[in-house]
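What follows is a short report on a single structure.
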Amino acid sequence: MNGPITALFFLLALIAAIAALKVKDLLAVAVILTAFGFFVALLYTALGAIDVGFNEAVLGAGVTGVLFVVAIHHTQRRSID
Amino acid sequence: MFSETTQPLWALVPSLLAIPLILATARRPNLRETWTLLAALSQCAVVLSMLPWVLEGHVIESTLWSLAPDINLSLRVDPLGFLFALVASTLWIVTSCYSIGYVRGTREKHQTRYFASFACCLTATIGIAFSANLLTFLLFFELLTLTTYPLVIHKETKAALSAGRKYLAYTLPAGLTLFGAICWTATTAGNLDFVAGGFLSTKHGTAETLQLIFLLFMIGVGVKAGVMPLHSWLPSAMAAPTPVSALLHAVAVVKAGAFGVLRVTGYVFGPELLRDIGAWTALAWFAGITLTMASLLAIRQDNLKRRLAYSTIAHLSYTVLGAALLSPWSWTGASLHLVFHATLKITLFFCAGAIYVNTHIENISDMAGIGRRMPVTMAAFAVASLGLVGFPGINGFASKWSLALGSLEAGQGVFLGLLVLSGVLNASYFLPIIHAAFFKTNPAFDRVAEASPWLVAPLVITATISIVWGIAPNLGAHAVDLAMLIATSVTGEHSG
Amino acid sequence: MTWSQLPILTPVVLLVGATAVLLTGRIRPSLAHRLATATCASCFAIAIALAVQVHHHGPTHYALGGWSPPIGIELVADTLSVYFLLVITGIALLVMVGAAPAVERDTPGRSAEFFAISLIFLLGLSGIVLTGDLFNLYVFLEISSLSAYTLVSSGDERAGVAAFRYLIVGTIGASFYLLGLGFLYSVTGTLNMTDMAMRLDPAAIPVRLAAVMITVGLGLKMAIFPMHRWLPDAYTHASSTATALIAPIMTKVSAYVLIRILFFVFGTSMVSIDLPIAQAIMWLSVAGVLVGSTMAIAQTDLKRMLAYSSVAQVAYIGVGIGLATPLALAGALLHVISHATMKCCLFLVVGAVELQTGNRKLSSLSGIGRKMPWTFAAFTAAAVAMIGLPPTGGFFSKWYLVLGGMATGEWWVVIFVLGASLLTATYFFRLLESIYTRQSSELAPIKEAPLAVALPIVILGLAVILFGLFNSRILDLFLRDAMPPGLVISG
Amino acid sequence: MTEFLQALVIDRWAYVFTILLLSVGLYGLVMKKNLIKKLIGMNIFQTAVILFFIQQAYKHGGTVPIYDTTVGARPELYVNPLPHGLMLTAIVVSVATTGVALALLVLIHRRYETLNEDELLQKLRES
């Protein structure tokens, strides 16, 4: 809302989200998802929610990413869509 | 503890108490049957003990607890309910004796389930008789449906199971219809307590609404009463053992239906409203057509029990017709027929069962000459058939006579014609059986003798009662007095 | 301690119990079950105490951490929440009592974990009914849902897929709820239920959007048609104990949230007059009743049949909510307790049958009624209640529903509700017939279930009948006071 | 309604982004066949909801909700901190859900050796 920086983060998050759904290599997807989480965390910070931003960076980006990587490691890497 | 207001409650206790006792003594048949007999005797005694109060015109009412806002689970003994309870509980005694002889004679399986279900049914029947409002009535009515089901499928043969399914297919939708009708009544009237002369009036809705409610009620109770075209479960249900057919399909279940018709016409709608909305003509015509058609169909049946079943359908419609005509005499006749038809039809079923136990014959065409070998049984059969035909000197005459008077009183001569026609038809499907039984011979029966005393005694007793009441209808139970009390309270006029 | 602290006690006891069960499971596994049962028993006792307290002194408030509302989170025990708390803890206790053999069979060596998660599940549910804060409710909703997914996954080999589907649907439901909550917060600036009810402007567009979103979200959790697809799989493939625990109470608690938010926060007039939300719920529920009953007829697996009948029966509650008249809502609330008891009874019987025979195909049940007389006597009572015949609880909930429907002139609803009873009768009588009449030689060595398993079943079977006979006691003790503002049961 | 939409697009363009993000999540949930992709869709959906809350808390010209001596005790100048607190919890819930879901996926893969919905249904039907 406060100008171009927020808008940029929004755009990046949106692109990351779409990419996460489009890319077929799931390990790459996990990385993109982490990036998505990171952009969202930045967004939170830009919106004045520093604590939520930290939380998202650690949990939303970090832990979730690791969880996905572990799960993909245990299952399969390729996805048909 | 034993006061006037608790008495209707105590009437339910013996049969209810008998259920766990019967189940608990499953391994000891003699003890188990003792419970049944004891329960039957004490139940009858409790009911009879209320006779003086009822004759004095008291209406005994006892409320147990609240079932829903403004609606209580309450029992109420008025002349009509009393009459029905008396018939059911008295005939339970004889049926119990008969059942014991029958199930042992045919070595039925699952006898414990049989006796327990029987006790359940009796509880439900007495409950129906003493219900003080429509919700209590519905409660026991559905309970009767449920507890009869195990008895219908008792033999567990294919025919019995499909008869059970047919029974449910008719009675469950009927129960729901009744449920809907009762809900509708509760919504429009805000009250469900039976009142002699009816509690609904034209201010509770338009004529069309009330006609629709009446139709729903009649479908609800009419299925059990076997009013055509809702009758076809009844002949199928004859797959049950004979004592079941005898008590339940000649007395308890179908009479519960007929009793329901009396309750709804006389105590919910009332003669005045039914005349106003014109619903009585429709009911009367349904009953009139049923009693003619059923008699005609009975002639075509070769299976004795099925013929009796169609005869039952016809005779229940006598009661329904009497209720529909709304005159004092017709109501007297309807109430009397509720009682008198019961003793007659139960005798006939007992005879059919006695023949089956001894010879395993079910078809009438095979019964020629049996009267010579089982004279007592067939004599009782003859008495009961003549009673149903309407022969003077047997109790069926008294009720038919009142009904005839009632139809004249209501100015509906055409129904008198139907009654007479039905009497002739009755004769034409019963008399050939008696004729063939006594005046033909069949060497196959040479080694056949009377059935065991457990079976013969009950049918002799019921036949004797029929004759005694034929000569003095008011003896003992004051049936005529009670019937007149009912007619007076409902129609507001004195009969005779 | 004082009586006003009772509301917090249930969640705390459950949390402590869960931890203790997990720890003792490591040391003495046999102790875990007893500890879990004891925890449930004490929760039931607390619920009773709370009920007495609320009955005599009115709603009990407890401010968490001493922060008074509307800033802090508040626990509120009023009649409605106490009623649901009694159902939850009572059912939980009865399921727990006989759970040991089945759990040991279904999740060998991990029964302590199973019991611990069950207790967390109950913690979530009791939190939902006790909280007075809408966001807190979301958190408890997710706690109970997460443990429910885990419990479901403990079943047979297909349970994982069923649980995953349940998880996706459940999370979408919760997210919709949260989204709706966001809208509400944006216009009112509060999350406290009572506070919000006072500040709401029913005409505001965000409020209306929120009402739709929250209804959709809870509809998913409650399995209202057409959002019911997850339920049959989840209930069928979960282990028998998990199903007996989840099926009777999980959807009911979602119904509680729906009632609480629609009638207490939004208000009756908004959801039934300003917006056609109640009508939508009603018609979807009618469809659910018909679809659920019809699908149940087609099933060959006992558990799956019961699962579809759950869809239909929960829809009855939906019909009552949708009619939004005092009597219909009373019918819905009465159906909560009666359906919880009968469905719990039926699923416990399934568990007992699986335990004794290792099979639950309908065709293999022929003649089992004679082998397990007590269990199946209770089963029969519950089946009769499902059909809605007197004198059981099922009959009377239908009675109030139909009266409520007639009062508002919704004749089609009345006809469909009554007609659906026939469908229910079709599959239950077919089942009863084969249970009691046909003979199967395979069943020869089958015996009645052990006492601890059979006893809760019999108690539930009796309860089904007693709740019917004494329904007006329930009505007087709980339902009259539990009615939302503006709806009064006359008489 | 049109006024509401107008206000949404012009004054609050950020909400439009959030709605887009919601739709992307929903699209992934409904359209994707791979269960992990579905889960990612769910994650995006949840993030969008959380974002929505954070946006509500935001005020033009508001500062971070940490006491600042230059601003003083004037609540209208701070961003509303309450939704932040709530969303901390919501994020934890969402991560926990993801964790459970991934565990289930590992379980499913172990049994059926696929995470494709169509293949899974096929195998379920066969067994």
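Per-chain numbering from 1; labels A, B, C and D assigned in written order.
FYI, a contact is a pair of C-beta atoms (placed from the backbone, for glycine too) under 8 Å apart; a residue touches a chain by one contact, two chains touch by 3 or more.
Predicted model, so just to flag it, every value in this text is computed and none were measured.
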Report task. Round to the nearest whole Å and give the separation of the Cα centres of subunit B and subunit C. Result -> 44
**Report entry** Chain centre separation (subunit A, subunit B; CA means) in Å
**Finding:** 78
Query raised in the report: In whole angstrom, what separates the CA-based centres of subunit A and subunit C?
Result: 37
Report summary line: Per the C-alpha means, the centres of subunit C and subunit D lie apart by a whole-Å value of 28
Query - For subunit D, residues contacting two or more additional chains - result: 83, 105
Report summary line: For subunit B, residue numbers touching 2 or more other chains are none
Query - Interface hub residues of subunit A, defined as touching at least two other chains - result: none
Requested in this report: Examine which chains touch each other and state the graph shape they make (line, ring, star, complete, other).
Outcome: line
Report summary line: One finds touching chains in the pairs A-D, B-C, C-D
Query raised in the report: Which part of subunit D faces subunit A closely enough to touch in the complex?
Result: 12-14, 17, 20-21, 24-25, 27-28, 32-34, 36-37, 40-41, 43-44, 47, 50-51, 54-55, 57-60, 62-66, 79, 83-85, 87-88, 91-92, 94-95, 98-99, 102-103, 105-106, 109, 114-116
Query raised in the report: Mind pulling up the subunit A residues that touch subunit D in the complex?
Result: 1-2, 6-7, 10, 13-14, 17-18, 20-21, 26, 29, 33, 36-37, 40, 43-44, 47-52, 55-56, 59-60, 63-64, 67-68, 70-72, 74-76, 79-81
Report summary line: The residues of subunit C that touch subunit D in their complex are 135, 138-139, 142, 146, 149-150, 153, 157-158, 160-161, 163-164, 167-168, 171-172, 175, 178-179, 182, 185-186, 191, 205
**Report entry** Interface residues, subunit C side, partner subunit B - complex
**Finding:** 384, 387, 389-391, 395-396, 398-400, 402-403, 406-407, 414, 418-419, 421-422, 425, 429, 433, 436-437, 469-473, 475, 489-491
**Report entry** Of all residues in subunit B, those that touch subunit C in their complex
**Finding:** 65-70, 73, 138-139, 142-143, 145-146, 150, 153, 156, 161, 164-165, 168, 172-173, 175-176, 179-180, 183-184, 186-187
